[in-house]
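Scroll down for the structure; my scribbles are underneath it.
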Amino acid sequence: MPAINAPAISRYPVPKLEDLPEDIRARMLEVQEKAGFIPNVFLALAHRPDEFRAFFAYHDALMLKEGGLSKAEREMIVVAVAGANNCPYCFVAHGAILRVYARNPRVADQVGVNYLKAEITPRQRALLAFALKVSERSSEIVDEDYATLHAHGFTDEDIWDIGNISAFFSLSNRMANLIGLMPNDEFYLLGRLPKEK
Amino acid sequence: MPAINAPAISRYPVPKLEDLPEDIRARMLEVQEKAGFIPNVFLALAHRPDEFRAFFAYHDALMLKEGGLSKAEREMIVVAVAGANNCPYCFVAHGAILRVYARNPRVADQVGVNYLKAEITPRQRALLAFALKVSERSSEIVDEDYATLHAHGFTDEDIWDIGNISAFFSLSNRMANLIGLMPNDEFYLLGRLPKEK
Amino acid sequence: MPAINAPAISRYPVPKLEDLPEDIRARMLEVQEKAGFIPNVFLALAHRPDEFRAFFAYHDALMLKEGGLSKAEREMIVVAVAGANNCPYCFVAHGAILRVYARNPRVADQVGVNYLKAEITPRQRALLAFALKVSERSSEIVDEDYATLHAHGFTDEDIWDIGNISAFFSLSNRMANLIGLMPNDEFYLLGRLPKEK
Amino acid sequence: MPAINAPAISRYPVPKLEDLPEDIRARMLEVQEKAGFIPNVFLALAHRPDEFRAFFAYHDALMLKEGGLSKAEREMIVVAVAGANNCPYCFVAHGAILRVYARNPRVADQVGVNYLKAEITPRQRALLAFALKVSERSSEIVDEDYATLHAHGFTDEDIWDIGNISAFFSLSNRMANLIGLMPNDEFYLLGRLPKEK
Amino acid sequence: MPAINAPAISRYPVPKLEDLPEDIRARMLEVQEKAGFIPNVFLALAHRPDEFRAFFAYHDALMLKEGGLSKAEREMIVVAVAGANNCPYCFVAHGAILRVYARNPRVADQVGVNYLKAEITPRQRALLAFALKVSERSSEIVDEDYATLHAHGFTDEDIWDIGNISAFFSLSNRMANLIGLMPNDEFYLLGRLPKEK
Amino acid sequence: MPAINAPAISRYPVPKLEDLPEDIRARMLEVQEKAGFIPNVFLALAHRPDEFRAFFAYHDALMLKEGGLSKAEREMIVVAVAGANNCPYCFVAHGAILRVYARNPRVADQVGVNYLKAEITPRQRALLAFALKVSERSSEIVDEDYATLHAHGFTDEDIWDIGNISAFFSLSNRMANLIGLMPNDEFYLLGRLPKEK
C-alpha cells in the first residue's frame, strides 16, 4: 500500500528554517543536533512564533525541571493522555521518547492503549489514573484523589506536576488534532530495537 | 447562609506579593491597577513562577493579539469551554470579562450554559460550535469543519485562533479544577449593572 | 453588542393577560405583586392552561410545602439540575431565587457550574450528589444511596423530596429547552447586590 | 425460580384504600373498574396526595386531550422514553397499554428496545427520534428539528405534545426509579394474546 | 395498527431450506422439532454457511456445557446484554428462553430493562453487573472484579463463562443489528402464560 | 525500567503443548512454522478447547475467505476496533499483521489511534467509519449507512464482511480484556523495519 494519501504534516503552512526568528531556529537546530531530526511539532508550531515560544517555555517548565517524577513517568502521562484524546502525533512521538527513557520497547503501546494492563508499578498506575482524571473529568477532582496519591508517596508538588503535565498535553493534543499534525517517520521505530537500549 | 464552608482560593500555598519575583509582582500590580483587584488566577499560579510566566505568555499571545476575532468573541469561547468543563473560576471570571467587552449583562450566562440559546449571531454560533468541538472531540475534526467556518467568513488564521483559545483554556480549566481555584468576589457582579456599560 | 439576535421568550405564542382564564391571570398578578415582574415561565406555559395548572400545582406541592429541606436547599437542587441539563431559563431564574434565599451572591453560579467546588455544607453536597443521580442516572439508584443520605441525617421523606424536585425540574428543563424559554432580564442581577441581602 | 427476592412495589409505605382522601380513592376505583386492577403507580404515589393530584392532572392533560397524535403514538413515546431511562415500570405498564391501543402484540417491545427497528411508519420514527432528543439532549433542540417534524406533517402544537409527553415521562421514570416502583403482574401479559384484539 | 411497515426478518437473502447444506438443514429441523418453529437467527445466518457453523459451535460450547451457571443464569446474561446493546432480536428471543428456564413470566423484561430492579438473587446481581462490565467497559476489568465474584461463590471458570457469554452475545447483538434481524412472532408470548410453567 | 511488573500472558492457566488435543496442537505448530512463534491468543484460549475451535473457525471464515476486502483492509478493521475497545493484545498483534500486509510501518498506529488522520483512501475511511459504528453503536445502523457504503463501491456482501469482522473482534477484544491477554514481544516490532517489506 503506497502512501497514496499521505497527509501533509500540518494543515497550515510550515515555515522554512531560514525564514524563522533566530531564537526559534536555534531551538530547532539544537533539537536536530540531539535527536538527528526536527520533530514536526517544532516545524508546525513555528507558524506562530509567539505561541511557539510560550508553548515550549511551558513544556520545558514541566518536562525538564527537577522533581519527584522520573522522566519516564512524565512521558507515561503524555502517552496515556494522547491515547485518551486520540492524538496520533503525541501517541507516536512521545511513545518513542517513553520507550527510550524507560528502556522498554513495550510500555508505550501498553500505556497508550490501556494503562491498566501495562507492565508498570502500582504507584505508576495511581499516577496514570489521576492524570487521566485531570484530562477527562477534572471537575470531579476531590480531596480523596489527593489522599490516594499521598498514600502512594506522591507529595502535593508531585500532584501539581502530574496535573499540569496532563493539562498541558490536553492543550497539545487539541492543537495537534486541530492542525492535523503528523509524526515524523523516525518516531514509529525509535526505542523499539534492542541495540538502542 | 453564612459562607461556613468557603473554600480557600487554592489547594496550594499562595505566595505573598513581597516574596514574588520582580516580573511577576509587576504583572500583578499592573492588573490590579487596571481592574481594581488581583484576579485569583494570578495569585494561585504564582506558586510556580516558571509555569506562571509561560501560562501568561501563552494567554497574551492568544488574547491580546490583533486578528479576525473580536475581544468579546474570544471571551465567548472561554466561557463556553468553561461551561463544558464545569470550571467555576473561568465561568465566573471570564463571564465578567465577556459582559464588559460585549456590553451585555446576559450573554455570559447564556453562552456558558447553552450557546445555542444565546443572543449571538449565526457566525458566533458557528464559532462556538467549533470551539466546543476542539474542546470535547478534537480527534473528530475534519475538512468539513474548516469549510463550515470558511462559509461564515472565518479565515484559516481565525480558525487557528479559535482552536488555540479553546485548547489553551482546556489546559486552564483543568489547572483551575486541579487546584480548586475560586473566583474573586468581584467577578460575580462585574458587568451586570447598567451604569457600568 | 446590541442584542441583534435577541430570542423571543418562547417559540410559541404568548397569550395576552386579558385573554387568560381568570385563575391563571390571578396567579400571574399575585407573582407580579410579589416579585415586581412576571417570570417568563408563567407567560409561556399559559399557552396551555390545563398543563399550566398541573405544572404549578406540582411545583407548589414540592417547593412550598413544609419539610426537612430549607428553601435554599430546594433551589440548590433546581440550579444544579439546570446546569446538568444546560437549561438557561432555570439556571438564571432559579439562580436568582437561590441567591435570595441563601443570602449569598456566589452560591448559585458555583452550584450551577460545579457543586463540588461550592461553598456549601457536606450535607448539601450529599443532597446535590443524589439529586444529580436522580436526574442523570435514576436507573442506578440502589439501597446504598439511601444509606448515604440517612448518614447525613436525611429521612426517607426528605429523600422523596430531593428526588421529586430533581425529577420535576427534569421535566421543567426539557419543556424550557423545547420551547426556547428565555429568562427575564431581572433575574440576571437579582440577589447579587449587597443591599438586597 | 420462585420469586425469592420479589421486590415490594415501592420503597415507601403504600396507603390502604380506606385511608385515602376521597377524590384519590375515587380515581383508583374508577381505574380498577375499567382495567380490572389498580396499577401500582396509583397506589405508590398516593403516599403523597398533593403530588398525586398534580401528577395525574398533568398526565390527563397530556394523554387524554384531543390532538394530532393518536393514543398509540402517545404511548409509543412513553415506551421509548422508558427504555432510554431503564424504567421497568413504565416499560412494562405502558408497553401493555401500547399493545392494546395499537392492536399489535409486538410493537411495544420493539419500540422500547430500539424504535429504529420497529414496525412503525416513517412519521412515527420521526416522532420518536424527537421524543428521545427531548428526553436525552433537550439542550440541543434547534430550528431544524422543528422543520423535520413539519415535513412529516406535525404542527407546532403536535410538537409541543410530543415534547411535553417526553418531558412528563422523564419525570415519571425518575420517580418510578427513585421509589423502586414495580409493575403489576397483569401488565406483562396484557395485549399479547390474539383474543384480546 | 396493521403491520404496514413490518420489516423483513433480515436485510440479506434468506436461503430456502432445500438449498441449504445438509448439516445446517439438519440443525434447523432439530430446532423446529423441539421448539415448534425455526428461530429467525438460524434462517438469517444460513446466508453464510461457514460463519453459521462457527457461530453455533461457539454458542453451543458456551450455552450447552456443564458448569457453575444455571441455564436461566446464562440466559439472564444474554438478555441484560441485549438490553444494553438495544438488540430487539436477542431481547425478545432470549427473553422467551429465560422465562421458560426461570419459570418466571416477569424476570426477562425486568433483567432486560434494569437488572438492578429485577427479582433475582444478590449472586445474580453480581453476575449481571460483571457481564455488563465485560460488554460495556471490558478494558476496565481489574483484580477487584474477580475478588467480588469470588466473594459471591463464583470460581475462575464461572467468571470465564460469564465473560465469554457476554462477549459472544456482544458479537451476536452486533450481527443482529447489522442485518436487521427480527424476532419470530412466537417469542413475544412464549413463557408468559401460567399453563406453560 | 526492568519489567518488574510484567503481567502473565493470561489470568488463566496456559496449557502445555504436550497436553493439548491433537488438532489444537497441530494448529499451533502450523502457526509457529509460519510466524516463527506462537501468538499468545492461541496459548491462552487453548484453556478451553471447544471454545478455541469455534473461535478460530469463526476467525478463519472471516479473515481467510475470498471477498471484496483486501487482507490489509480486514486488519485495519481489527486495529481500529481494538483501539476503540482499549485492547492491547489486538492493537499490538493485529497492528503487526496490518503493517506486514499493508507494507507500511506507520498505518497501524495511525488507524489504531485515529483513523481520520491515517494515510488511507476515502474508501477505507468509509469502511472504518462503518466498522466502528458496528462496534460502538450497532443499534443505530440505518439504510443510509448501507447507501453510503454502496457509494464507495462496497457490495452488500462486503458490508456483511465489514460488520462481522467488527462484531467478531468485539468478542475477541472482550475476551482478551477479560483474561488479561498480553501480546508476544515479537509483535511490537514486526513490520516496522524497512528490510521486512
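Just so it is clear, A, B, C, D, E and F label the chains in written order, and each chain counts residues from 1 on its own.
Keep this in mind: contacts are C-beta pairs under 8 Å (C-beta built on N, C-alpha and C of every residue); 3 or more make two chains touch, one makes a residue touch a chain.
Since the structure is predicted, the reported quantities are computational estimates derived from the model, not experimental observations.
Trainee: Starting from the defined contact criterion, work out which chains touch chain A and chain D both, please.
Mentor: Output, common partners of chain A and chain D: B, C, E, F.
Trainee: Looking at chain D with chain E, do both copies bring the same residues to the contact (over half shared) or different ones?
Mentor: Same; most numbers are used by both chain D and chain E.
Trainee: By mean C-alpha position, what chain is farthest away from chain C?
Mentor: Looking at centroid distances, F is the chain farthest away.
Trainee: When A-E is set beside A-B, which has more C-beta pairs in contact?
Mentor: Result: the pair with more contacts is A-B.
Trainee: Could you state the distance in Å from the CA-based centre of chain C to that of chain D?
Mentor: The mean C-alpha positions of chain C and chain D differ by 24 Å.
Trainee: Just curious, how far off is chain F from chain A if you go by their C-alpha centres, in Å?
Mentor: 27
Trainee: Could you tell me the distance, in whole angstrom, between the mean C-alpha positions of chain B and chain D?
Mentor: Inter-chain centre distance comes to 44 Å.
Trainee: Can you pull out the residues of chain A that are in contact with at least two other chains?
Mentor: Where chain A meets two or more other chains at a single residue, that happens at 86-87, 114, 117, 139, 177, 180.
Trainee: Tell me, which pairs of chains are in touch?
Mentor: A-B, A-C, A-E, A-F, B-C, B-D, B-F, C-D, C-E, D-E, D-F, E-F
Trainee: Chain A touches which residues of chain C in the complex?
Mentor: 114, 116-117
Trainee: Can you check the complex and tell me which residues of chain C touch chain E?
Mentor: 139-140, 142
Trainee: What part of chain C is in contact with chain B in the complex they form?
Mentor: Chain C residues touching chain B: 1, 3-7, 72, 82-83, 86-88, 91-92, 102-107, 109-110, 112-114, 117-122, 177, 180, 182-183, 185, 188-189, 192-193.
Trainee: Which residues of chain D touch chain C in the complex?
Mentor: Touching chain C: residues 11-12, 47-48, 50-51, 53-55, 57-58, 61-62, 65, 85-87, 134-135, 138-139, 141, 146, 156, 159-160, 163-164, 166-168, 170-175, 177-180 of chain D.
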